[in-house]
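All chains are identified by letter, namely A, B, C and D, in their written order; residue positions are counted from 1 within each chain.
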Amino acid sequence: MTSQGSRSSETDMGYGPGTIKEPGFRYRPMGRDAEGMELYEIFIGPQHPASGHMRIVVRLDGDIIVNADPDIGYVHRTMEKLSETREYLKSIPLFERATIIDSANITWPYVRAVEQMLGVEAPLRAKYLRTLLAEINRISSHLYGFGLTGIFINHSTMYMWSFGDREIWVQLAEELTGARLTHTYIIPGGVRRDLPQGFKEKALKAIRYMERRLEDYMKIFVYNPVTVARFREVGVLTKNDASRLGIVGPNLRASGVHYDARIAEKYGAYPELDFEIPVMEEGDSLARLLVRIEEIKQSMRIIKQVLDKMPQGPFFADKYMRLIPPALRKHVAETGRIKLPGAFIRLKPPAGEAVARGEMGHGEVFYHIVSTGDTKPYRVRIITPAFRNVVLFRHLTRGARFMDLPVIYGSIDYFPPEGDR
Amino acid sequence: MSIADRIRRNPLYSLKMHAAAIATGLRYLFAKPRMTVRYPEYVIDLGRNYRGMIRLHKDKCISCSLCAQVCPASAMKMYKLPGEKKMYPGINYQRCIFCGFCVDICPVNALEHTPVHDIAEEDMEGMIYLPLPGRFDREWKSPAEEEGGRKVKVEFDEEEGLKHEPE
Amino acid sequence: MPQNPPGAVRMGLLEDLKEKLGDIAAEIREEKPNYYSVRVEASSLVEAARRLVEMGFDHVASVEGVDWIKEKEMEVSWHAESYEPDLKSIIIKLYTRVPRDDPRVPTLIDVWPSAEFPERETWEMLGVVFEGHPDLRHLLLPSDYEGIPPLRKDYRIKVEGFIVDLTRQQKQ
Amino acid sequence: MLGPLDPLINFILEPYFFSPFIYPGLTIGLVVLLTLIWAERKMAAKVQLRYGPLYVSKQIGGALQMIADALRFFFQEPIIPRQVDKIVFLATPALALTVTVLPFIFIPAAPSYVGVAVSYSLPLVLALGALIPVVIILMAWGANNKFTLVGGIREAFMTVGYEVALFISAFAAALYYKTLDLSVMVEKQASLGLPGIIINPIAGFVFFVAMLMASSKLPFDIVEGEQEIVAGPFTEYSGILYGLVMGASYLYLYVLMLVFVEMFLSGWLPVIHGLGSIYPALGGVMLFVKTYILLLFAVFLRGVYGRYRLDQALSLGWRRLVPLSLIAALWSFGLLIAGV
């Protein structure tokens, strides 16, 4: 799985901690690996047109990548530590910022874990609203990844198109939650706002527009012969490797594993909805793209069903609703916006622990919360899909050509702030 | 055989897909819609739902300090100003993340969101809004709009996605 | 949902776990529905992990440590999950407790290759040494970071108060 | 009328001056450069549902943006990194531009209006163009940076990828015309009444694709490969030095496009020969219009394509374009034998 030989060469290449290149140092582009073979070493990032907030140390033998070492952590924001210093509610906006493009999906499992410990359950309408926002977020997250994949092979039209079309979903999310990206919509006990008037018509229009646009995406990008040449049979991840390396999300499903945390955990409104989990067998970069396209279509299907089936009722748990003064309760009913009870600041789950998983656009996110009965968690462990997929940089690039690196990067949809947390 | 494999194996089919890609490009070259909103000449009307800059209604405030306690970014603090008996909240926009918890937790609706987000200050100090007259309780207005930008309304459209119609 | 295989959950997993791991585990519990924990001694971690892989839990979602400072213990845990249709809703926490001042556990990356990066992270964040891990370099922190591993409880963060008294400072 | 200026005007209008310096040479070349980059950005923007450059001269759609950019290049400090070979680093941009504009001497701008009339103008133009990669490789070596070195190697690979197909397809067309002189080729097409692209479409297609490769336009901008190697051989350049090397590739495209139009699209025709000799400028305008429309198409492809991988581009060159160009040569040969 992970070759020991190439890893042992890391220290010999002289870039590790402690090696300082003094000024006036004469440029020597070639390094040597443990066997004495000369390798060309290139640093992709952290300041590089295509690196994102990370660095990939690439060692080349000719045009072939011998080893690519992902060096992450440039946007580490100590989320696990910070969450230990603040109350449960306050961590929601914090975790959101791990994946700002997919903020509903990344905070939902956290809220579910907290709800588990508190023994609260969100009312059905809230579950549907959460599902609605989660799917809107999933589409915009996939479009974001799509755009970056496009620009990684210098296809600027794909980049601009998907960022432009993402705007529609961002706009929908804004009308629902009031914020474009950092919705902070899902809170313990329910959601913060009710469905606004006329939302359904807008969403259906957006869906019809998107369906038409996806056809153009296929023509100009996905089935453009240049793209096919670049993505087909590049970065092939076998089913066994995907499972053993714990790969998640579309990357996993493109390798033929039928797994989705939405099915595994049965949360939200998903058990009541009819949708498919797209799976492809090829495991190459193109399959990863196609799975994402298919997931966008499925998400739109889910949104339609959610809007059709949207049950009536409260959108916030009765347990907390009762803590609000009656005048404010009336205000909530009139405006469709929640008023938080003052006691909400100091939620106090009993001692114990909870785990929760959820499916983000990029894959499965995992939370483990340990409580000692205090108002602040004792330990929150958050494993993001990007962090689980980061190993692919090493695994898929070995033996690939240098120009395949951006393709692989784009196709695994790695999001550095999410990996670094 | 999948479309991708046909493109790879069959040069004629590949040429056809080349032509399809170029035709799509040409179609958009001569099509009408554009996505860009030319800010600041046009300013998007964000609507009452938007979580923008926060405004304090000092007369309603009961100094309960819940807003300052719930603030996850430590942006909102209770300020005791000289000459005032009670403490009032002030906000530091260097830190504010616009989560809106303070607005949601206020038991007397003394805080509210305004549909304005495009504010710039000349210095860092200016981003701290104390509960002084004309500061935290001020009526926000988009500077672009003040300087003659036209307000546009966002509308969903099946053909163009988002339409921005001047009001 | 005809396309999705029925999400049948394996029943009686607790008994299976007890049968499979009973001889080396100190404690096997069902913490929450679909969430089990298996506590073993550090010396039998590799063996326990191997048996879990045989059961189908072939990768880990997370490797983590919890610093129980009062007990002077460090809890190191691996959260194993599976992509098998009947096991996919289940998470198993395999954990051990080691002394806090010298936390050493064997690495499990030979059994669970997916543990590599999270073990690296746990090493730098909590100072847990995974013996046999070939690549314990800093991952998220700067490569020259020195000091208390930041996720330990004795690494303290200053928290601001929420009241500012301007009558005394007279700044503005 | 302007007595003292007459000799000067006459001198300017003489082909040996006008051709390299005014049209199709440097001056018009510069205009093409500025407007083409602007058009490329505008067209890509339109395909992408944007506006593109706009706010510099809003009334004319931001057409002056390129002037502003050029001015910025002039006044930006060109940084010379410590590790570069200074002489090579400074000389190669100028050298690249020189090599690119030299072919203008041999390209006829209108009927019997050419800077230096030689009967081997086609091979001369192509041979001078073939010098550009040498300069770029030198540039990559001189800049002494990891990314430039990779870029230089890519340039070397690409050269062998397209040069063969470019030459063979050009000679396949020339074979039918039985001449290597571009002016004579146009006259041949005039006498046949058919443009070369209809006589030998395969040669035309191969030449066009090889031309895109030669000028590293999408989908073949492999040498610059921003997403892997920053800007390839040009990574270390800034200011006017970068402006020169960036402009050179557009100028080279312009040069090749002129050759393409003269070989395959009957150059300055349909202007009648007699009329052209009375008022040569008309022929020049016709040639320019055709060239410019094709240039627009070539840069429009930026909105449609991503980038091929290096080995795929090479394989396209050797496995597809070279055999096709040989077929084109056989085609011309066959036509000659059949006496069509």
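Rule of thumb we're sticking to: a residue touches a chain if its C-beta (ideal position, glycine included) is under 8 Å from a C-beta of that chain, and two chains touch if they have at least 3 such contacts.
Every value quoted in this text rests on a predicted model; they were computed, and no experiment measured them.
Once you count every C-beta pair in contact for both, which comes out on top, A-D or B-C?
Higher C-beta contact count between the two pairs: A-D.
Please list the single chain whose C-alpha centre lies closest to the global protein C-alpha centre.
Taking the mean of C-alpha atoms per chain, the most central one is A.
Counting only Cα atoms for the centres, state how far chain A is from chain D in Å.
45
For chain B versus chain C, what separation do you get between their C-alpha means, in angstrom?
39
For chain B and chain D, what's the span in angstrom between their mean Cα positions?
The answer is 46 Å.
Go ahead and note the Å separation of the Cα centroids belonging to chain A and chain C.
21
At least two partner chains per residue is the criterion; list those residues in chain B.
Those would be 21, 24-25, 28, 35, 69.
Hunt down the residues of chain D that sit against at least two other chains at once, touch-wise.
Answer for chain D, listing residues that touch two or more other chains: 47-50, 303-305.
Where in chain C do residues touch at least two different other chains?
Within chain C, no residue contacts more than one other chain.
Would you mind giving me the full set of chain pairs in touch?
According to the stated criterion, the contacting chain pairs are A-B, A-C, A-D, B-C, B-D.
Which positions of chain B touch chain D when the two form their complex?
By the definition above, chain B touches chain D via 11, 21-22, 24-26, 28-29, 33-36, 38.
Within the complex, which stretch of chain A touches chain C?
1-2, 4, 7-8, 10, 16-17, 72-73, 76, 78, 80-82, 85-86, 116, 243-246, 252, 257-259, 263-266, 274-277, 352-355, 357, 364, 366, 368, 370, 378-379, 381, 383, 387-388, 390-391, 420-421
Which residues, counting only chain D, touch chain B once they are in their complex?
43, 46-51, 54, 300-301, 303-305, 320
Give the list of chain C residues in touch with chain A in this complex.
1, 3-5, 7, 31-32, 35, 58-62, 64, 66-67, 79, 81, 83, 85, 88-89, 91, 93, 109, 112-114, 116-118, 125, 134-135, 137-144, 150-151, 155, 157, 159
In their shared complex, at which residues does chain A touch chain D?
Result: residues 24, 26-27, 29, 40-44, 48-50, 63, 150-158, 160-161, 164, 220-221, 224, 226-227, 229-230, 401-406 of chain A touch chain D.
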